[in-house]
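Below is a structure I'd like to ask you about.
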Amino acid sequence: MAHAFEVPIIERRDVAPAHVELMLKSVRLSQAQPGQFCHVLTPGMLRRPISFSRLDPKRGLAGLLLQVVGSGTAWLYERKAGQNLDVMGPLGRGFSPPEAHRPWILVGGGVGIPPIFAALEAWQNRVTAPIHVVLGARTADYLIMRRDFQSLGTNPVLTTDDGSLGQRGNVLPALDQWLGQFPGAEVMACGPTPMLAAVQKTARGRAGRVQLALEQRMGCGIGACLACVVPAEPLGPEGPRYRRVCTDGPVFLGEELVFDAP
Amino acid sequence: MRLDVTLPRGLQLKNPIMAASGTFGFGPEYAAYVDINQLGGVSVKGISPDPWRGNPPPRVWETAEGLLNSIGLQNPGMEVFLAEDIPFLNTVDTAVVANIIGHTTDEYRRVAERLSKEPRIDAFEINISCPNIKEGGIQFGHDPDQAFRVTRAVREVTEKPIMVKVSPNTGEPWVIAEAAVQAGADMISAINTLVGMAMDLNARRPALGGVTGGLSGPAIKPVALRIVYELASRLSVPVIGMGGISSAEDVLEFLMAGASAVMVGTVTFQHPERMLTIIDDLPRVLETYGFSSVESAVGVALPQRREA
Amino acid sequence: MRLDVTLPRGLQLKNPIMAASGTFGFGPEYAAYVDINQLGGVSVKGISPDPWRGNPPPRVWETAEGLLNSIGLQNPGMEVFLAEDIPFLNTVDTAVVANIIGHTTDEYRRVAERLSKEPRIDAFEINISCPNIKEGGIQFGHDPDQAFRVTRAVREVTEKPIMVKVSPNTGEPWVIAEAAVQAGADMISAINTLVGMAMDLNARRPALGGVTGGLSGPAIKPVALRIVYELASRLSVPVIGMGGISSAEDVLEFLMAGASAVMVGTVTFQHPERMLTIIDDLPRVLETYGFSSVESAVGVALPQRREA
Amino acid sequence: MAHAFEVPIIERRDVAPAHVELMLKSVRLSQAQPGQFCHVLTPGMLRRPISFSRLDPKRGLAGLLLQVVGSGTAWLYERKAGQNLDVMGPLGRGFSPPEAHRPWILVGGGVGIPPIFAALEAWQNRVTAPIHVVLGARTADYLIMRRDFQSLGTNPVLTTDDGSLGQRGNVLPALDQWLGQFPGAEVMACGPTPMLAAVQKTARGRAGRVQLALEQRMGCGIGACLACVVPAEPLGPEGPRYRRVCTDGPVFLGEELVFDAP
């Protein structure tokens, strides 16, 4: 029977201002699918959902890379190697593996980069077609994990709002260009909702799948409370129908989602 | 030690700990985390005759020892519940309470009539108190005549035990409860969530998509205990207590205040297995405070019992 | 940054932070811990025409992020207040609000009439909402006609600004507030404590000597915010918000919900100097969220403002 | 201006099962009067009042000896030397010094023993008449500080409910006997309320003062909230009048108090 369980933190890495990556020793978590998440106990009333930044089933390791935005992440930021976390997981529906023969485009924004890295690390070897990665962030400081991508032999296109590293601007021009080159490409994206909305718009209506990993405030994390919903198709007369990020997602197909819901 | 509880119309619980409606889905969701067979009972998520969409997200917000929710009673409707969840519920050995909701008296009657035919359902909990729906629901919970009518409508279509769940958001919940009892309610459950709100400072607007929400969790326990105490002081029927329970000691507080059994909600999100821990701890806690059974603790703090 | 607040009838506050009635004594008690001159104002402990004994102890009990109290409005009466505390209050430079209580309309009138002659008192706060007195007080707070009568009686005997403090323990506090405004209230303050209870497991009885008590502290902030929001959405007069405030961010939540100023209570027991910290932090917090003054933040989250 | 302040714990001593004494370095606290208390910040909503177990103004040390009974004292029990406590104090009205020429009887029960020790340590040299001390507790384990009394050269009469150390029973027989011997004796007592009620009854109506140190649940700790009241004389038609333990007490004269209040 599944249950909440304690996992040891074996390493703590400062990766950017107020960003930390915690390496957890857990065979169970290490077998997660990229795009899945775990629900972490913090002092507050609710657990905090964090997706996996890397997964190493051989060594039984899973990574969580998180940004401090409030009380729970501030508490997680203070954790040290040797301490335990109380987690539920792996939870949710992750990315479906890419098709071997399709070009593969990965798009990561800010703290949405980690699951994109986990996906690349897990599947780059099974894809024989070209792989393109574009990462975006506010400034150079926040372009997290870029060296990890490089260490996998990919050379991600980097973009920053202020031009402090890579191209000034966001991830869309690169995506546009690649979609022109590879109309059938498979797209996976994770990042701020406006970015995902733009990716959906740009990449819709093609043969290649578009998989988007979403965020929403959660209660139970396992499908029981209906807290974590996002507007989804079909868009009825009353408006969209609501689907659960924790179990129907976090990863949805682009065409399933309604970003401009009332 | 005896933990079992006997309630009206032959409703039997192994122990006084039930999962609170809306925090435990329809049963299957938590099955991987909680051995449901160990629970006294499960009150499923509110069920309406037809599907309800619920409120726009965000639907939850954390507060100091509390949780605000504005789920808005999203549910797939009674037919989907019967088709998809009853088969699972048939595989578990615990009391199943159907929490029912409607916009009108007739909707309450419809859902009760339909579910009454389902043998797996052991009791009804009429939710006339959800603060998240602006239509029927809320006023039902604040007006004794409405409460009477809804309860009577359900009573007419079922022989199963009925508990009516009262709102803490009225001056005198016991007036509502008394009307429900006169209409044929076998039990009263209390409390539902307190209406509350939080601000999203960045967005400069209320944090919840539904603007206001229902406050639950340890923060509301004192309010819940007091309402249970007032209800138990006044009513002749059993009271099912809830609101912020997270330990066996909390359960004992509710028993002393006059609750015959309790429900546990919000804490399950934090600790899925907590209800089982509470059931394990309860005998020791009862013993520590000099009780030989659950029953012997019920109502010991009530005025009538204190004077005696 | 401008923190000052202008309220009806020329009531001026240096900043929107006032000490909440009953948590700051009559002024002198905290003088050693808080530089009272830095506060926007102080609402003194409830004052009745004649001395009140209050409830038997214990009078406080701790809950999850909350505090239950059943002080029962013990106070030495208005003459002792005038003789012993006004001399001290004359030495400090802050707005002094006299929180007044009575068992009958006439007692409210008597205390208001007497204190109205005291120039040091800048405003009245009519407490019609204390849950701890079983006589007058409570029903005043739950009945619009009573609220009207009490407010009118005070209005007749004073030109000073009047705020009426509403109870959260009724279905619709705004109905009470509207009646008070019609009777001449210049402002509404909200909220008073929620009625609650705790059990003393060893004693097998309610923990408080007064059996039930008033719940305050961070636990009730969501309930307070929602009531302030509803009041500010409906009323034409300023609302003074309170309930669980312990930081400048909390203050901003209340401002956004429509409060023109706030009061801080329970947290002072934990951190006597916290009100001053909040006043120091407020400019930075307002700036962080893009506001150039206290005034500019008031009510930005209200429906009318959001649609605009 | 007074304020809440941080004081370092310089030593932590386990003195009995679930009883710890914390030595604080603070000139200010060390100048307290025996019977006064400090109001200690713990994770809960309210501070915890704890009286001083010893006071050394020369070395600027003050002791707190506490028993674990709930969440706050459990937290205090976990404190370690080197950590700080956030305290308000010294607060309240302590014992008035004993008169030099009167026999002096000190009565301590359970966790009421510490302030009695502080009083003896502070004033034993100014009293020329005989000094008698009786201490009571559930069992030998809980007869705290008895060696501290002995190290002051007094030999306290010890009593335990179960007779596991000293006389079986409570402190009253010894008190009775001494009051017979020294009718004019000054009495100071601290302990459970029933004990104090009995001491008041036994020792009332003599020339010698009876000073009793009380406990009550507190809010502010400084006289503002009227939470910490106890029934006191005069007993009017409505019942007793209520006085504040935090500022009118914790030490009251026996005749001021009404123990059998409705």
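Letters A, B, C and D name the chains as they come in the text, with residue numbers starting at 1 for each one.
Here is the rule we go by: contacts are C-beta pairs under 8 Å (C-beta built on N, C-alpha and C of every residue); 3 or more make two chains touch, one makes a residue touch a chain.
Every value quoted in this text rests on a predicted model; they were computed, and no experiment measured them.
Centre to centre, using the average C-alpha position, chain A and chain D are separated by 60 Å.
Chain C and chain D have centres, each the mean of its CA atoms, that are 37 Å apart. Computed from the mean C-alpha positions, the centre of chain A lies at a distance of 47 Å from the centre of chain C. For chain C, residues touching at least two other chains, in rising order: 63, 65-66, 217.
Looking at chain A, one finds that none of its residues touch two or more other chains.
In terms of which chains touch, the assembly is arranged as an unbranched chain of neighbours.
Chains touching one another, given as pairs, are A-B, B-C, C-D.
By the touch criterion given at the top, residues 1-4, 41, 44-47, 88, 216-231, 238-239, 241-242, 261-262 of chain A touch chain B in their complex.
The touching residues of chain C, when paired with chain D in their complex, are 22-25, 29-30, 32-33, 35, 45, 53-54, 56-63, 65-67, 69, 71, 74, 217, 266, 268-273.
Of all the residues in chain C, the ones that touch chain B in their complex are 63-66, 68, 142, 169-171, 194-199, 201-202, 204-206, 211-213, 215, 217-223, 225-226, 229, 244, 249, 252-253, 256-257, 289, 300-301, 306.
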